[in-house]
Structures are given as C-alpha cells and as structure tokens.
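What follows is a pair of complexes built around chain A, which joins chain B in one and chain C in the other.
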Partner chain A sequence: MLKYMVRRVLEAIPTLLGVTVISFIMIHIVPGSPVRILLGNHYTLERAAVLSKELGLNKPLWIQYFIWLGNILHGNFGFSYVYDKPVAHLILQALPHTLIIVVVSILAAHLFAVFLGSVQAYYQDSIFDQIATVINYLFYSMPSFWLGVLLIIVFSINLHWLPSGGIVSSQVSNPGFGDWVRHLILPVGSLFLISVAGWARYMRSSMRESLLQDYVRTARMKGANEFRVVFVHALRNSILPLITMFGLSLPTLLGGALFIEEIFNYPGMGLLYWDAVNSRDYPIIMAITVFLGIVTVLGNLIADILYGIVDPRIQYR
Partner chain B sequence: MINQSLLIEEMEAQQVVNERPDFMRRFWKSGTTKLGTILLVFLILFSFVGPLIYRHSAIKAHLLYTDAPPSAQFPLGTDSLGHNILAQLMVGGQSSLEVGFAAAFLSMVFGVFYGMISGIIGGWIDTVMMRIVDIILAIPSIFILLFLNVAFQPNLIIMILVLASTAWLGVSRLVRAEVLAIKNQVYVEAAHALGARTWRIMNRYMLPNFLGTVLVAATLGIADAILAMAGLSFLGLGLPPPTPNWGGMLSDAMNYMFQNSWWMIYPPGLAILTSQVSINLIGDGLRNAIETRER
Partner chain C sequence: MSNILDVELLNVEFNINGNYYHAVNDVSFHIKPGETLGLVGESGCGKSVTSLALVRLLSKSARVTGNVLFEGQNLLDLADNEMRKIRGNGIGMIFQEPMTSLNPVYKIGAQISETLLLHRDISAREAFVQSVDMLKKVGIPRPDEIMDEHPHQLSGGMRQRVMIAIAMACNPHLLIADEPTTALDVTIQAQILELMRDISNDFGTSILLITHDLGVVAEMCDRVVVMYAGQIVEQGTVDDIFFNPQHPYTRGLLNAIPKIDARSKQRLQPIEGNVPSLTRMPRGCRFSPRCPHVTDPCKMQSPELFAVDDTHFSRCWMNEKREI
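And now, the complex of A and B:
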C-alpha cells in the first residue's frame, strides 16, 4: 500500500511539471504586457524598461521559467503585482474560505446523494422516484450561476433570512460564529444542490444493479431487515463509483466554486483568480493554476486510495 | 483464416446496416428523448425563425421604457437600458446554439484524430500525447477559459476555438480507449495483412465501431459549450456588446436583483436551463439506444 502510494506520487511529478509549463506558457502567449497595465497612465518606455527589469521580465523566457520553478519549489510563489504582497500569503488567506465551502458541500452532497439514490433505487419507478428523478435532472442541468442568483432572491431579498454575500456582516460590530455560518449557508447550499443531482443519478443506477445481485437475496434470506439489506449489504458495492467520483470531483467543484464566489462576493481562491486575471496579476494566476493541478492530482490519488479501502478486491501493486 | 475473418467482418458490417432503423426506433421509443428533441427544435426555431416573425430590434434601446415589466408592447419586458428582452433572448439563442454546435463539432473532430493517432501509434508517443491531455485536464477548464477570454477578446470564431480548446480532451481519451480495445481484433489485423493503409483502417474499420460513443460525447459537449459560454458571458467575458447573450443578460439582471426585476432574471436562466435539459435528454437517449445494441 505504502509502496503503491509512493509510486503514484512519483508518477504525478511529470504531470505537475507539465502543469507548471502550461501555466507558464499560458501567460506568455497573452498579448499585452503586465508592465503596461501596472503603469497605466504613467506608461513611458523608460519606466517600462526599469519595471520589467525589476520584475525579471527582460530575461529569456526559459530562464524566467526555471527561476520561477526554482522559487516555487522553495515555496516562494512570487510577489503580487497588484496587491504588493507575497502570493503565498494571499493564497493562504483565500484558501480556507474556499476549502470550507467546497469540503462541507462535497461531504454533505455525497451523504445525501447516497441516501437519496438508494431510496430512489429501492422504490424504483414509484411516484417518489419519478419526482426525484425529474428534480435531479433539473438541478443537474441548472447553471450554477443562475441557481446562486435564485437562492439570493428567495432567501436574502424576499425572505430576509440570510445575507446575500461576503463572509461577515459589516454592520455588526462583533460578528460571531453564528454570523459566519449564516454567510456560508447560501454558497454551500448552491454547491450542494448542484453536486447532489449528478451523484444521486449515479447512485440510483448503481444501487439498482446491486439490488439485483445474488448476495442481496442471500442477505434477505438469512433474515436481515430491509434497512440492513439496502444500507449495509447493497450499499457497500453500489457506493464504489461514487467513491471514485469523490476525489475526481474536486477540480470540478473548485471550478463551480469560482462562479459561486463571484456571485456571493466570497473572498476565496476563485475570486482571487478572477481578480488576478482581470488585472493581469501573473504571479497569482500562475500560482493558482499550479495549485489547482496539485489538487487534481491529489484528488485522483485520494480516489484510488478510498477505492481500495471500500473494495478489498482491489490490490495495490 | 483471413477469408473467414473477412467474412465475419462483412457480416458484422451487414448487421450494422440492418440495425440502423432499429437504432432510430429505439431512440424514438423513449418519451424523454422525444421531449428533449422537441425542446431543442423549439429552441432552434425560437432563436432563428423567431426574429423573422417577431420583428423587433434586440439592440435598440427604448429609453422611455427602461426597466419595464412585461406588457403588450414588450411581452417579456425591458432591461435597464430599455432593450426588448424577448428580442434579446432570440438573438442570444443564435450565438449560443452556433457556438455550442460548432465548438462541440470541432472538439469532436480534433479529439477523434488525436485519440486515434495516439492509440494506433502507441509506445512513447502515445504516452507523451496522453500525458499532455492529463496535464491540461488537471486544471479545471473554466480557469483556462476565463484566462483565454481575457487574453483574446473573443468574437464568434475565437469563442468557438477557446471553448473547443478544452473540450477535445475528454473525447480524445475516450477514442484512445476504444482504439486500444479494437486495435488487436482479428478483422483489423486482417485488414493490415491485406495491405490496407493506416488511414483506411482508421476510417473503415475503427471509426464505425465507436462512432456512437463519440456521438454521445459530442452531443453532451454541445450542452457543455453552451453552458461554458453562458458562464463566461455571465462573468463579463462573452461576445462583445451589443450582441446579446443569455449569460450576459443574467449578469446585467443581477445588478437589479434588489429591485425585484424578476422579468430580467427568469427568461435568460430558463433559456439556458432549457438548452441544457434538452441536449442532455437527447444525449442520454442516444447513449441508451447505443448501449442496448451492444448488449
């Protein structure tokens, strides 16, 4: 197991190096230089030359790449052009915000999808199953940004129950834990609703197949009650595809989080990236793309490991 | 031996031909597929024929009628600049559908080529080609699309290219897996032995085998492209004004959310939702029809 993990991590290295190359190439095919944007109205050729020397932009591209790569390996992601702060600092500030909404919604959505999909499969083709299938299909096809807007209209504007954005209330002098949670509900809820739909569909079809298997009949025969049959015997097998998706869905969710953060003005990685792209803040753009690559590779690894834990037939070699 | 396998291949080809009407029947049998097709046809008629019947400008600003709720004059109301929302919705549908279909088609063609070449050549070239796919897939596509759209202010063509630039990846993986599965089948080897060129083998012996799978992926790709374009427009990175777009209409409406301008928020959202539901239903229908055949 350990050997397998080490091998997988080693295998991931070329991919990650590739990600660094891509993010480096990406920002260098862009027309327009960051120097011009930084200087704005103060742009003169002399100032541009001085600044690009300061930023190391006058060296050949491949040297710039290796300098940057070396710095990354030392944990130095450079200095933001716009915020004038270390990029690592900015990312560490934004990361917990994104992590909390992504992790909470991913966990809640998985649990609920497993439950919903199982119940749907058990009562398949009943009215409940059909209604749930239609609702799932709608949410599955729903654009995340429209859903976010609708939630704001219902819960913030019409009902006045929840804040429409940000992370703490600015009017309150001492916003506490409860206030923070209230700000999380809508962003988490949006991500939750969108993810549940797709996963419940998988769970339903996977559980339908499991319920037809011999071992389910055996379990019934030996007198296990229906709850035990579904949620213990059948669940263990039908949950397998979902476990894989657990890790693989990380990057998709981070992408979805970008829209959610933008709508709810929620200061996470997505919003940081979006601001950075708009202001051509290259060090942040590059750092975040590399970071996303690492998360994806980690997600794949987690998927593999979880798969082995729930399915003892899998052997690590 | 060779003759025999050729015979088998001949029979298989015959079978495929015979199955075609059967396939269409299976596709049509499902009620959800019909619903999807009807919705999509409606959307196409609405966007392309609609403006010929409802002759009102989508880009004319009726400054006396800004923020107007639905009325006899403006069936779906107007936005904050006095644009006729119904007319905008129609014209916005045109670019959405054009871009969606074109990007999906382009990514399908490129993905099929890439995947086939990678699978057929094999060896280290295959490894490198697939590593490149892994690497680009490691970055969530919306982050790449966002960046490309800021970098190159998009027109219709650039938008199609940008969306296709990430959409082909999945197709190429799919195709490569299919190629690996049939590469060593007897009939492919037989064709080799008879001196068929690689090009011919790809076209005649391989492509028909996984055309269905690719078609499903491409169909769902249309929905993905429409959604991605709407998302980018929502973030303000769509086609340049005054071309209306569903995503852009929605993001404009968001600024007036607090005035309860519901007529600005529901139409574009429902339009995007309809496009997604209809195309997903068709894609699922195609997949079911194909899977039944293979069973």
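And now, the complex of A and C:
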C-alpha cells in the first residue's frame, strides 16, 4: 500500500512538470504584460525596460522557466508583482478561507447527494423521484456565477437576511463567530446546490443498478428490512462512481470556486487567482497552477485509496 | 403430522403494459416435514416465480393470490415486518447464482452473522462463533480464515456452501433451493447435493428443490411436481414420475435425458417447440401445440388435474378415463 502510494506520487512528477511547462508558455502567450499593468499611467519605455529587468522578464522564456523551476525546487515561490509580498504568504492567507467553504460544501453535498440519490432510486419513477430529477437538472444546468447572483438578489437584496459578500461585516464593530458563519452561508450554499445536483444523478443511477443485483435479493431473504437493504447492502456497492467524482471535484472546487469567490468577493484561492490573471501576476498564477496540479494528483490518489477501502476486490500493486 | 407448507391455488399475475397475465395458474402442493419436493420444468415455466411468490420476494408489479400456509400461517396475509421474521428464520433460500448472490463488499463472516443477528437475541461474538460452526457444518475447510475473507476469494462451489450456511444459520424448517447446482460444474454439483441431503437428514429440514435437471430430482426428491406454462401438469412420488409417467410432457422430459445404456443407440428425443409466452397462451391444454398425442378436445378445453392414484395426478385428457 505504502509502496503503491510512493509509486503513484513518483509517477505524478513528469505530469506536474508538463503542467508547469504548458502553463508557463500559455500565460506568456496571453496578450497584456505585467509591466504595462503595473506602470499604468506612468508607462514609459525607459521605465518599462528597468522594471522588466528587475522582474527578470527580459531574459529568454526558457531561461525564465528554469530560473522559476529552480526557485520552486528551493521552496521559493517568488514575490507577487502586485502585492509585493511572498506568494507563499498570500496563498497561505487565502487557502484557509477556500478550504472552509470547499470542505463544508463537499462533505454536505456528498452526504446529501448519496441520501437523495438512494431514495430517488428506491422510489424510482415516483412523483418524488420525478420532481427531484427536475430540480436536479435545474441546478445542474445553472452556471455557478448565475446561481450566485440569484442567491444574492434573493437573500441579500430582497430579503436582507444574509450579507452579499466578504467575510466580515465592516459596519459591525466586533464581528463574532455568528457573523462569520452568516458570510459563509451563500458561497457554501451555491457550491452545495451545484455539486448535489450532479452527484445525486450519479448516485441515483448507480443505486438503481445495485438494487437489481442478486445480493440484494439475498439480503431480503435473510429478513433484512428495506432500510438495511438500501443503506447497508446496496449503498456500499453504489458509491464507487461518487468516489471518482470526489477525486475529480477536489481540484475543480479548490480552484474552481473561482466564480463563486469572485461573485461573493470572498478572499480565497479563487479570488486570488482571478485577480492575478487580470493583472498578469505571473508568480501567483504559476504557484496556484502548481498547487492545483498537486491537488489533482492527490485527489486521484485519495479516490484510489478510498476505492480500496470500499471495495475489497481492488488491490494495490 | 401436519404439513410444513401448504400451497393452495397460488396464482401469480404480472402487469405487462397495463394487462395482467398469469405466470402461475392455480398451483397447489404441499410439503411434509423432512420431505424433499422437486419442482421441475423447462426455463420459463413458472418454477422460480412460484418460489419467489411463496416468500413474497416478487416485484410490486406482480399480483399474488391464493394461500401459502407455512406451519399453519398464511404468508400472503402477513404484515411486512412479520414476513421478515419468517425469511431467513423459518424459511431459508438459496439461489442459482452463487457468484453474485453474496455481497461483494462484506466479509463472509459478517454475511452469515447478519442472519443470526437479525433473528436471534445474541451478541456479535456469539453470532461469530455460531457462524464458524455453520461453516464447519457445510464442509468449508479453514472456517476461521474464511470468515475473514471476501466472496471474490472463494470458488463457485464454496460460495454456494456459504449461501447454504447463510440460509441454514437460523435452522429454518423449510429450505427453498432455486436451481442450486445449475451454475456449478458437475463434480461440485454432486458435492452440493450431498450436502443438502445431509442437512435435510441432520436438521430434519424440508426442502423445496427447484430444478430443470431430472437427474438431480431422481437423486434428491421424495415427491415431484412437474410444471408446464404456469400449471402443474403432473404430480407424484419419484417412482410414479420416473417409472409410470402419465403426462406426455413428463415423458418428453424423460426421453430428453441421455442414457448410458449399450442398447440405446438412438438419438435423444427433444420436445419440439418452445414454452408459450405469457401473453400468448394456447387455448385448451397448454401443452397441446407440442404434444405428440394431441386430439381435437385437447385444443378446445383445458384438462383438470386427474387422479391416477392416491399420490399421482396428471393434467391430461388421456387420464380422464381412469377416473372412477
């Protein structure tokens, strides 16, 4: 098992290197230079040349890449052009904010999707199943930023129940835990609704298939009640596809809470990424890209390990 | 002694596109304590549907009527929770596919203990000990290790033994075995049949053995019920059926068995045609389109189950004359 994990991590190294090369090339292809953005109205050719040299942007691209790679290997993620702070510092500041909304929404969405999908599969084609399917489709096809705006309009602007963004209320002198939680509800809610919709659909079809299997008949024949049949015997056989989804959704959510964080002005990884892309803040973009690459590898590894825990037929070699 | 099981006029209808079609038609039989009853017929004749109807495991689209008296209790009248107390406890059941009948993600030990824990007021520890005991009784080598293994680590024959251990864990009075050896190879078949016979003798368990294999019937059963197209066509002791078959369908089945006999160099005689589908039952005798002795009345009116003697019944017009 340990050997398997080590091998998987080693195998991921070339992939990660490839990711860095491609993203390095891509961000330099994208029009707009950080020098122009940093200088703004003060832009002159002389100042641009000086700044370029200062930031190391005047060297050939492949040399820039190897300098960057060397720094990364020494644990140096560089300085942000815009904030003039170490990139590692900025990421560590943003990461907890993202982790809290992502972890809470992933866990809640998975639990609820497993339950909803199972119940839908059991009461297949009933009125309940049909209504739930329609609602699922509705959220599944909704772009996250649109849903975010919708929630802001309803719950912040019309009902005044919840804040529309940020993490603390500026007008409150001593914002406490409750205030913080109130700021989390809408971003977490948006991520939750969108994730549940997709996962419940997977769970429903997977559970439908499981309920037709022979071992389900055996469980009934033993005298197990229907709750036990569904949630003990069929469930564990049905969640494998969801584990795949979990592994894939981890990087998407950590980076891809992007729109949600932008809409709710929530100071996490997504917003940091978004702002960095807009201002061509190369060190931040590259650092987050590497981070997401690592999370992708980790997500798949976690999914593979979970597979083995859930299904004893899977062995690691 | 009263019967373990009395099935009276069991009817099963399936809803196909809004219409109900009979899959099982007025089936009546009984099983005495300790007796092994064979339920024989081709694929699609209603054997499995009958067995699943007895324990109410058919899907909701099936309409089941009649009486199923198990030790005097009508199973078709029981509430769901009372029925669950019978399944696995009063009646055990094993199925055709040992490869898929065990849950792949749970250990063998947990799957056997589950039956005990569902029906007996015992600790997990005691259930474990009794499960090991049960594995020994069904002839599993290294039972302690097997308890900790998963189904995919066992062969088909071993899995069927585990299924029998699960079915017999609570010492039920009736074991329903639906084609228990069909998916196994011949040497393993013989072992499983021997095991079932031993269990029947040791525990005094009655067995309802569903099979299409007359060889299995000859080896195992005291009495035989032959089904065709949802009806019982002949019923009798093993001797009645093998040495004095009355119904042309039963004779056809017997002629279709290969014989190891120097003189019989003739080819096997298959029964021509197929079992009619639920939606297109022939009028009159259901076997008439395939029957070599068919006469005009056969095509008009369905025969009753005529008595040949006290224990022997046949649903053929040829047997009507013998009625006194």
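Operating definition for what follows: the second predicted complex is superposed on the first by the 312 of 317 C-alpha atoms of A that agree within 3 Å, B and C clash if a C-alpha of one lies under 4 Å from a C-alpha of the other, contacts with A are read in each partner's own complex, and residues count from 1 in each chain.
Following the convention adopted for this analysis, contacts are C-beta pairs under 8 Å (C-beta built on N, C-alpha and C of every residue); 3 or more make two chains touch, one makes a residue touch a chain.
A quick note: this is a predicted structure, and the numbers were derived from the prediction, not measured.
Have a look at chain B and chain C on chain A after the superposition and call it: clash or fit.
Chain B/chain C on chain A - fit side by side.
Where does A:P96 make contact in the superposed view: on chain B (first), on chain C (second), on both, or on neither?
Touch status of A:P96: no partner.
Touch test for A:N278: chain B only (first), chain C only (second), both, or neither?
Once the two structures are laid over each other on A, A:N278 reaches chain B alone.
Between chain B and chain C, pick out the one touching the greater number of residues of chain A.
Per-residue touch count on chain A favours B.
If we overlay the two complexes on their shared chain A, which of chain B and chain C does A:D311 touch? Say first, second, both or neither.
Touch status of A:D311: second partner only.
Once the two structures are overlaid on A, work out the angle chain B-chain A-chain C from the Cα centres, in steps of 10 degrees.
80
Pick one for A:T296: touches chain B only (first), chain C only (second), both, or neither.
Touch status of A:T296: first partner only.
In the superposed arrangement, does A:F145 touch chain B (first), chain C (second), both or neither?
In the superposition, A:F145 touches chain B alone.
Quick check for you: in the superposed arrangement, does A:F259 touch first (chain B), second (chain C), both or neither?
It touches chain B, and chain C stays clear.
If you've got the overlay open, could you tell me the nearest Cα approach between chain B and chain C in whole angstrom?
Nearest C-alpha pair, chain B versus chain C: 16 Å apart.
Help me check something: in the complex, which residues belonging to chain A touch chain C?
Interface residues on the chain A side: 213-215, 217-225, 233, 236-237, 310-313.
Using the touch definition from the top, list the residues of chain B that touch chain A in their complex.
That would be residues 131-132, 134-144, 146-147, 150-152, 223, 227, 230-231, 234-235, 247, 250-251, 253-254, 257-258, 260, 262, 265, 268-269, 272-273, 276-277, 280-281 of chain B.
So in the complex, the part of chain C that touches chain A is made up of which residues?
So the residues of chain C touching chain A come out as 55, 57, 81, 84-89, 92-93, 95, 97, 100-107, 114-115, 118-119, 150, 152, 163, 166-167.
Taking the complex as given, what residues does chain A use to touch chain B?
Residue positions touching the partner: 14-16, 18-19, 21-23, 26-27, 29-31, 137-138, 140-146, 149-150, 152-153, 157, 251-252, 254-255, 258-259, 262-263, 273-274, 277-278, 280, 285, 288-289, 292-293, 296-297.
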